[in-house]
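Shown below is the structure under consideration.
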Amino acid sequence: MSQFLWLIPGSPMLGALIIALLGGYLKQRHFSILASCAAAVAFLTVLLAWLMGAATSQPLQQTLYTWIGVGNWMPTIGFTLDRLALVMVSVVSSIGLLIHIYSITFMAGDSDQRRYYFFLNLFLAGMLLLILADNLLLLYLGWELVGLCSFALIGFWYRDPLRASAGRKAFITTRIGDLSLALGIFLLFNEFNELSVSVLLANATVQWETGSQMPILAALLILGGAIGKSAQLPLQIWLPDAMAGPSPVSALIHAATMVTAGVYLIARTYPLFELAPQVQWSVAAIGTLTIIYGASAALAQNDIKRVLAYSTISQVGYMFLALGCGANALALLHLTTHAFFKALLFLTAGTMIRTNDNEHNIHNLGKRGNHSSLIRWCFLIGAASLAGFPIITAGFYSKEAILTATWSAPTGPLLWAFAAFGSLLTAVYIFRVYFFVFQGSRSGSPMPPIPAPMTWSLSILALASLVVGFVEFPEGWPGLHLWSDWLRDELGSASHPTLATAYSLQFIACVLPLIGIGVALVLVRREKLGFELPLAAFLRTGWNFDALYQIILIRPYFTLARFFKNVEALLIEGTLQKMTRSGMTVATACRDGLEYGVLNKSITGLLAGLRLGHMRLSATQNGLLSRYALMISAGAVFLLGYWLW
Amino acid sequence: MIPLSHSLTIAALLFVLGLAIILLRRELLFILMGLEVMFNGVALTAIAAGQYWNNPDGQVLTIFLMVVTAAELAVALILVWLAFEHLKTTQVDMLTRLKDDTKGGAP
Amino acid sequence: MYEIIFYLTSAIAVLAASAILIAPHPVHAALYLVISLLALALLFFLLGAPLLAALQVMIYAGAIMVLFLFLIMVMNLRPGQNQSAPLASGWKGPAFLALILLLELLWILNRFQITATNNITAIEPKAVGLALFGPYLLVVEVAAVLLLAALVAALYLSRKERS
Amino acid sequence: MNLIQWLLTLSGLALVLLVLFSIAALMVYGERRIIALLQDRLGPNRAGPFGILQPAADFLKLVTKEHFVPPFADRKIYIIASIIVPFTALLSFVVVPVSYNWWLADINIALLFIMALSSLRVYGIMLGGWASNSKYPLFGGLRSAAQMISYELPMGLALMGVVILSGSFSLVDIVSAQEIPFIILQPIGFIIFLICGIAETNRLPFDLPEAENELASGYNTEYGDIKFAFFFLGEYIGVLLIAALATVLFLGGWHGPWFPGAVWFTIKTLALIFLFFWLRTSLPRLRYDQLMHIGWKFLLPAALVNLMVTAVLGLFWMEG
C-alpha cells in the first residue's frame, strides 16, 4: 500500500495540472468532471488504505525523492500515513469529493470554471500534502499552497472589488500566521538541524526539559501559525469576509479543511506543547475566548453565511480548547464531526442562496418562504448537530466529550463554564437562523427540483453528521469507546474527572442545547416584532475588530511612515542650508580655487584621454567585416611568428 | 614519388590564397569562396598526411571536413540570400548595421 | 610521368584559386573554384585516396558548388551592378600580411625537414569504410546530427513569410 | 607506355567514340520511329530506305548551321556548357564492360567515377541555361539542376545496394559476381535506379526543364547549331549510359545462356532503351512539386530502407 501513498496528494495535483495546461482543449463541462475524478481517485486510494488495514498497521512511509540536497541535510518528499493522518486524510478527501460533486451543478453556469476547478484541485492537493508530509518543510509547502488557493478561491469573482479585497485580507492575515510558523520551523531547524517530524520531536523531548525557555518559544511560534490558519482570536477577522467566495469554497475551505489545518499542526506536534505547559494552557484559553467571541458575534448576524463563519470560529475554538486540555483525540473527533455538519450547513445555505437568486439575508429568505423539504431537513439536521442535540446527533458526542475533558484540566471549571455558556449560545444562534428561515415556509411548494449531484452530497453529509458520533460514547455510558482507544498510543489520552462529576456534566451538556432552542424560539418571535438585541451592532461587526486593528495597527504605521518622510526631508535640507549659510565662503573658495584649478583640469584631462581611447577602440567595431578578418589573421600571423622566433 | 613537404607547400599556398581572397574581396559570396579554398587547403594536408602515415584517418578527416563545410555553407548561403533580399546588397562595406555608434546615439 | 601530372594539376589548382582573386564576375569566380576543386580531386587521386577524389567531385564540385551557382543565379548578380573593383582600395596591407603568413608556413615546413617519402600506396575505400564505421562511428552519428541541424536551419530560414 | 600501346588505346577510343555516336544517331531515329508506331502513325520514312538516314540528315543540317553566339550571352561559358553534357556521358562509358574482356578500363572505383561524372553533368545544363542570359533558359537550367541533384542522391544509395552484394566498386567485378542477376536480389534498387536514371537524363516523364509548352525547350532554347546537337546527343548518350549501367549492374551484363556475352549485353540494353521510349509516349509530364515530392519523400526513403535491408541481409548472407 505504501507505494500508492503519493497518489493521494498526487492525483488532485495531476488533475490541477491537466486542467491548467491542457484546459485549452477541454470544454467547460469537462473541467468539473476531470476535477471530480481526480478527487475521487484520491478518496478511493484513502479507502484502499483503510481496506488494506492501514488503521491497525504501523504508519506507512514512502519517500519519493530527495528534494534539496544541501550538505548533509537532505529534506525528502516523503509521506507518512499514521492514524492521525489517516483520519484527517479521510475527512478531507471525502468532504473534498462531495464538494467537487456538489460544485459540478453549483458552478454549472459560471464561465470561468477552468480557474475554479484548477484552484479547487490544487487546494485539495495542498491540504493532502500538508497532512501526509513527514517533514516540516513539505508541511510548510502544503501550508502555503492551501493559503494561495484560499486567496484565489475567496477572490474568485475578482471583478467585484469587495470580494477581491476580502481575498487579499484573508491572504495577509494568514500570511502573518505563516510567518510565525516559518520562524518556528527555522528555530527548530537551527536547534536540531533536522526537520522530519518524528525525529525532531524525539530529539526535542530528549534535549529540552519541560518549561525551559526554548520549547516555549517554539510552541508559541507554531501556535501563531495555527491561529493564523484556523482563524482563532487575534487573527480571525478574515474568516467572515472570506464568505465572499462561492459557497462550495466556503464549505470546503472554511468549514472542513483549511481551518482545521491549525488544529492538525498542533495535534501533530503535541509533544512540543507538552514540553511547554504554559503555552498549552494558553491554547485552551485562546480556544475558550474564541468560543465566546464567535458565538456572541454569530447571534447578531443577518447574512446566513456570516452566521456560519462565526460559528466555525467558535467550533474551532472548541478544538483548540480540547488541544489545550491535552485531549487531542477528542479535538480530532470534534474536528471530524464539525467538518461534516458544517459542510452540510454551508451547502444547504449555498443551495438556498442559489435558488433564491443570491439572497443572503435570513429575514428575506424567511419572507420568501419557499424551500424544498430536503433543504429544510438537511438544515435542521446540521443545526441540531451543531447545537449538540443530545443522543441522536454526532455534534453532541464530540462536544460533550470535550466539555467533560476540560473539567479536569488545569483551571478546568472556569474553562468549562465558558465552554458550556458557548454551547448554549451556539444552540441559540443556529436555531434563531432556522426559525427565521424555515418558520413560516410552506414546505412542499412547487420548488425547482434540486439537481442530483447536490441531493446526493447533501444526503450523505446529513447521514454522516448523525452517525459519526457513535464512534465515541461519553464517559461511563455503555457504548463503545472506539475512538479514544484507537488513538490512545498516538495522541495520548485525556484526563477524566470522577464518574459522579462526569454524569452531572453530561446531564448539563444534554440540557443546555434544549434551553438554547427554547431561547432561540422566543428571540425570533421578539425579533420579528422589531426587538433588537442589546449591543447588536457591536456584535454584528464581530466586536468591530476591524476598527480596532485600523486604530492600533494601520494608522500608526502610516503616521510612522509620514514621520520618517519629513524627518528625512528636514535632515537633508537642514544640513545643506546650515552648510551653505556658514560655509558659503569655504564652498566658493574650494569651488573656484581648488576645484577649477586642480580638480577640473585633471578631470577634463582624464575625460579627453578616455574619449580619445574610446575613438581608437571603437574604430575596431566599425562593422567592416574585412577589418575584422584582417585583425584575426594579423593576430594569427603574430602568434605564429612569435612561436617560430 | 611526391615528398610530403611538396604537397604541404601546395596546401599552404592554397590556404594563404583563400585567406587573401577573404581579406581582399569585398563581396560576401567571394568571402565564402575564399573560405572554401582554405578548407580545401586543409583537406589536402589531411590527405597528404594520411598518405604519409598510410592510414585512412586522413581521408576520414577530409570526409568530415566536407560534411562540416556543406552544412555551414548551406546556412551561410541562405543568410547571404536573406541579406541580399532585405538589405539589397552583398557588399561587405555596406553591411555595417552592427557597428558601434560612436556618436553615442541609440543604435 | 606521375610527378609531372601531380605538379601540373597542383599548378592548375593554385592558379585557379588565385584567379578567384581577380575574377570580376561571381559566376566566373565560382567556375574557377570548381576547376581548382576538380584539380584537387585529381591530386587526391594521385595521393592514393580514390574514394576522396570521387567524393570531392561528387560532393564538393557536384553539390556544394552547384548550390553556390544556384544562389548566384537566383540573386542574378551582374558584373555591371555596383560591383566595386575586384581588388578594393587599400589591398596592399592584407596582401602583405598574407605573404608573411605564407613565408612563415613555408619556413615551418622546411624547418621540420620531412625525411624520405615512400611510394604512393592507394588506401582502398574499404579501409576508409572500416575506419569510418570502426573507431569513428560516434563521429559519424554527430555528423548526421549536424547535417540535420543545417537542414532544419536552411528550411526555416528560407520559408516564405506566410500571413 | 611505349608508342604502340599509345596508338592502340587511341584507336580503341576513336572506335568506341564512333560506335557510340552511330548508336546515338540510330537511337534518335529509333525513338521517333517507335513513338510514331505506338501512336499509330508512320514517323520519318522519307530519307533513305525506311527513313534510316533521317538522323544523318539532321546532323548535317545542324553542322552546317552558322556558329552563332547570342550577343547578350556570356560567350565562354555558353560554349563550354554545351560540351560538358556529352563529355561527361561519353567519358563514363570508359568503365562500362560490354562483354567478358571488352572494356576500355577497369578501375577499382568505377562506380564512384560514374557517379562523380553524373554529378558534373549538372554544370552543363545549369551553365547552359544561365549563359544564354534570358529568363526561360535560366529557369529551365535552375529547375533541371535542382531535379538532378535531388535524384542523384537516391541513385547513389540504390547503387550502394549493388556494391554491398558484389563487394567492390569496379563494374567488371560486379558483373562477374552476378551468378543470379542482381535484379532478383535488388528489385527495389533496380526500380529506384531506373527512375533516377530517367530523371538524371531529363527524359519524360521528368523532362520538365525543357518542357516545350512552358519553357520553350528549357535550357537549350538559345542553342541553335552544333551546340544544340551536342546537347541533344548528350541526352541520348545519357539514356544509353543509364541503360548500359542498368544491364551491367542489375541484369547481369554479359551473362546469358546461349549467345555470347556482347549479344546479351546489346539485347538487354536495347530492351531498356525501348522501355525509355515507351515511357515517353505513355506517361504525362510531372509537375515540378510532384517531381520534387517523389524525389525526396518517396525515392530517398525507399533507397535508404533498401540499403538497410540489403546491408543486414548481406551481412548474414556473406558470413553464412
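Just so it is clear, A, B, C and D label the chains in written order, and each chain counts residues from 1 on its own.
Methods note: contacts are C-beta pairs under 8 Å (C-beta built on N, C-alpha and C of every residue); 3 or more make two chains touch, one makes a residue touch a chain.
Because the structure is a prediction, the values reported are computed rather than measured.
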item	value
Winner on C-beta contact pairs when C-D is weighed against A-B	C-D
Mean-CA-position distance for chain D and chain B (Å)	35
Geometric centre distance via CA averages, chain D-chain C, whole Å	28
Separation of chain A from chain B, taking each centre as the mean of its C-alpha atoms, in whole Å	68
Gap in Å, rounded to a whole number, between the CA centres of chain C and chain A	73
Residue list for chain A, restricted to those that touch at least two other chains	626, 630, 633
For chain C, residues that touch 2 or more chains besides their own	51, 55, 63, 74, 88, 94, 97-98, 101, 105
Touching pairs among all chains present in the structure	A-B, A-C, B-C, C-D
In the complex, chain C residues that touch chain A	88, 93-94, 97-98, 100-101, 104-105, 107-108, 111
Partner chain C, residues of chain B touching it in the complex	1-10, 12-21, 23-27, 29-30, 32-34, 36-37, 40, 43-44, 47-48, 50-52, 54-60, 62-64, 66-75, 77-82, 84, 89-91, 93
Chain A residues touching chain C - in the complex, by the definition given at the top	626, 630, 633-634, 636-637, 640-641, 644
Contact footprint of chain D on chain C as seen in their complex	1, 27-28, 31, 34, 41, 50-51, 53-55, 57-58, 61-63, 66, 69-70, 73-74, 124-125
Residues on chain C engaged by chain B in the complex (per definition of touch)	3, 6-7, 10, 13-14, 17-18, 20-21, 26, 29-30, 33, 36-37, 40, 43-44, 46-49, 51-52, 55-56, 59-60, 63-64, 67-68, 71-72, 74-75, 77, 82-84, 86-88, 91, 94-95, 97-99, 101-102, 105-106, 109-110, 113-114, 117-121, 123, 127-128, 130-132, 136, 139, 143, 146-147, 149-151, 153-154, 157-158
